[in-house]
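Note that the chains take the letters A, B, C and D in the order they are written out, and that residue 1 is the start of every chain.
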């Protein structure tokens, strides 16, 4: 194997032997791409003609006025094609897949965002596409499944294990160890075996590169703090990496606090004390696991943060203190989303809203001369079922019941 | 009244006397804004920081390969904040509302897109907001109502008339004649009394301005043809206006052919022979009306094109031949949408897909050296209920029925 | 300009009556037969002149009551031709002036000149077209003038003095002053402000002045008396009709004027 | 390097038997008691060595059959400690070598050295850790070596000759060659290609060679005979167990070797 890919004591590549040549090939292709300025250029070109990069940095005067304190800027990854930062990663990996001459992509998905993004990329590049999705998630996230199928992807409900995201990842690996010759596994976040954490972070770094330039342009100086939600860690790595060399910028990652402390109640690997270091799904990081090393159930109102592990790069940035980690509870998240919708007309995904919670808690204490950036990793309108449930909208329920009646009648 | 606002024999301002000073004020403000370069600059700045202008022009090699003929470029209005070109118009009118010192906005909405866009603008600008929406549309388009309410808008179901878009327009006027002092009526398309057609077209002209520059940059010369769907006509006016001075660019507007010819079956005012000139909702144009001048029912799979009238500017461009009008049937529209999703990973709104239909019919006959532009005025993922019904997805129906069961249980 | 026929009638009638009463019906609502009976009750109860509204599918300036009457009439098959026939019968049977109220598209589709010619032929004396500002009304105004018919324009609390003057110049027969912003059929507060506004209307035109929008009681008429020539009761009669049926109309009109 | 104890056993056994049989169970599946009975049947039916899999919640390299066995065992409360206890009983009662199969996190969480010490203490002779390539396994390899236990690595059809060499160097006891791409428990075609691959494996290592993945019939064993030292039957025994119960296991194993 070419490189073990460690970030302090986290990372590595704990992969089945049969994938070793596949990872070697991937790493080679990735290294070549990184070394080739034309590749990044092609990537940026693609993202600016197919998605809408550079995504804007929106100054939010109403929220700033509401809280007092530093000026709030929001990085608008929600405006990407397919509605989230996930597009950055999949389009990058799409280019890499083409470069490797492969003709099929597979991916896991939890909330469905990454599945939709991958299916979209596959349609655009003309790849065959299979998406693994926990059976529970398929049931919950039908709208995303619907779009994946329209894109021509095969969506396979994973009926093993807890039937959620982590099981979909296992299943994608099982496909990969069979079909690696023509297939690339488009992992959806900055986790998994090396080189995925580095590679996904590299593609997502476009967020931070743009944000740094944009805040300097708009605000005249660097922000005091940058906030991002942390599921696997890709949008956070994307934003934060723009400021790694700026020690004056405090980086704050916000995890899913769910219903609060205690295993099974949340998905906070770093902000809470319930996680411990382990190795699963091919890499070493903090996992929510028991003493034996068995992965445990997690909970979050936002499917996209509801995951047992976390980027090994973030785990190292946690341990060395460069990034501060906090958790936001389900309740706080829904409130922050509702406030942002109401005051700015922006609809941050429930995932993204975690970052907003922490920013809102702190921004009032900062100097009005300063600025903060919050990463709006995605938009919530695709998750209307989840959001409607979270805010318990009775009219929505009536609508669904009436719609069901209609379907029943003509069935 | 300052200006009668005619385009050949179409347009005018057939308004209740009580609104005359309001229209004078509006026209004055609009003229001032048009004459003030700083206004357009502020508008572009707002659209590029709050929405993602310039929206990309995406080259679609897969569709081009599929049809042969000219190269297909798609103007990506779907990437706008709130998912359609409607954002351009509302943000522009928002700035104008601020300029006039008004504190409340009202709007009509059919599909809900314009309602969501207006509610968003109102949240951003801090205006009070009331949206009028036909009761039938409220029932059909609950997701959009849900978001409008989250934005703080009051959504009033209109129970009069046919309980659809045109009735919502009437009702908005009824509000306006009462509350004109503090209220601006944000009309959603290039229709209505002068200066709305000109004003809305002006704000939407940002589409054509960008598209012209982008195609010259990407393709090296002007396109042979530009296609846009035509509901009220605003996205078409937006794209077309970029090429009015380029006689070599053929402009093609595509209306809702619904189930085909015959009053009640479609919403084609110009492409079919069923409409006649009339005056309603404050302006003169082709309407789908009976001999007495009573407005008739219309039908389209896409709520956004399902309207009795059409922009008076387009009516004049129809009569003088500058724009060719065609109609696309419901069935063709769903097929074109599915093909585009499948081959390019783009999900044009059902409205937008009308333009795609006509382009697909013709593009094969054009020279491969040439290019065409299709305006993707919006994205379909907000209309999943409509799209799922249009493609009759059984798994979607099962999902809704199961969801309804869940709601029934905890009700 | 010689005095218009409708204006003459109003002035003469005003010599005996300090406040005239104009009422309003929607032709074909609740049915064509009922329309005729309602007119009959009104005339017998002493109404001085009447608006006959030809239903339109998009009555932008009307509030919920008249709106519903419009759409009910249409869904019962109220064609323009039938409205003309009924209007003709009404004019022939009752000896007060009638004016049409409708929206411009009804005239436009019929042919404006033809419409006005036919109005004249059946003896209608004027028309109120709320979505036709004089700027858009050249053809209509010319045709009306040719037949010495009264194009009635609307003053509003928003109208400037200059605008009132212009509207007055383009009108004949009378001016219809709306009592407030908004559409027909909502509450109006009869206050000092309204008095001031009516004084401004009065100053702007020498035509007889009708006040409408929200007029519905004996007290309202008392307030108007002396400030305008005509009180217009519109939506309220439809409300009464809906509540008490055709037989309720006459007692209501009598009580108004008692 | 002196010959490892497991390797010695295999070589000695091979002197009497041209193809050894290694089978596989998941500890705690369908229950801890049944596990013991299954081992008993297998040993009695003539199995030469066995893999005991300690259940893990994320068995990435396993196919549906073993996956389900893992999660069923876990949901019945299969703790690592219990697996050790059961393994100890098994080793004490039955006179064939046993190796552990599990995923690295089970070792890591336990403490790698401690885990290997305990394995050694209860008499387990080797381990297969499918998600632990030798590059990640330093601590593990050192501990295994200290106890003269066999770290068994995996050859795959994708492995280069150099890679096989490296894997062989880091292994002891035997090499586990998987017959094809993919996970456990799917169909394998026993073809010429497979023969070529096994020849390549043979050339790359002097350790005994076990072939697994999809081996399930008497014919498969015939094919393997002469090309490898050991046939590994994994998922198929679990299938038999599920279909025919514990009593079906012995006849199945006997038929395989008949």
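By our rule, a contact is a pair of C-beta atoms (placed from the backbone, for glycine too) under 8 Å apart; a residue touches a chain by one contact, two chains touch by 3 or more.
Keep in mind it's a predicted model, so treat the numbers as computed, not measured.
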Original post:
Among the other chains, which touch subunit C and subunit D together?
Top reply: none
**OP:** Check every other chain and keep only those touching both subunit A and subunit D; list them.
**Re:** none
**OP:** Would you kindly say which chain has the C-alpha centre located farthest from the C-alpha centre of subunit B?
**Re:** D
Subject >> Distance from subunit B to subunit A - Cα centre to Cα centre, in angstrom >> reply: 33
**OP:** Indicate the whole-number Å distance between the mean C-alpha point of subunit B and the mean C-alpha point of subunit C.
**Re:** 38
**OP:** Using mean C-alpha positions as chain centres, tell me how far subunit A is from subunit C in Å, no decimals.
**Re:** 65
Original post:
Out of subunit D, which residues touch more than one other chain, so two or more?
Top reply: none
Original post:
Tell me, which residues of subunit A touch at least two other chains?
Top reply: none
Subject >> Topology of the chain contact graph, where touching chains are joined (line, ring, star, complete, other) >> reply: line
**OP:** Throw together a list of every chain pair that touches.
**Re:** A-B, A-D, B-C
Subject >> Sites on subunit A touched by subunit D in the complex >> reply: 1, 4, 12-22, 160-161, 166, 170, 173-174, 177-180, 276-282, 287, 289, 291-295
Subject >> In the complex with subunit A, residue positions of subunit D that touch it >> reply: 56-61, 63-64, 67-68, 71, 74, 79-80, 103-106, 108-110, 130-133, 135-136, 153-160, 163, 167, 178, 181-183, 186
**OP:** Report the residues of subunit B in contact with subunit A in the complex, numbered from low to high.
**Re:** 48-52, 55-59, 62, 76, 79, 81, 83, 119-124, 126, 139, 142-143, 145-147, 149-152, 218, 338, 341-347, 381-382, 384-385, 388, 391, 393, 395-397, 399-405, 407-408, 411
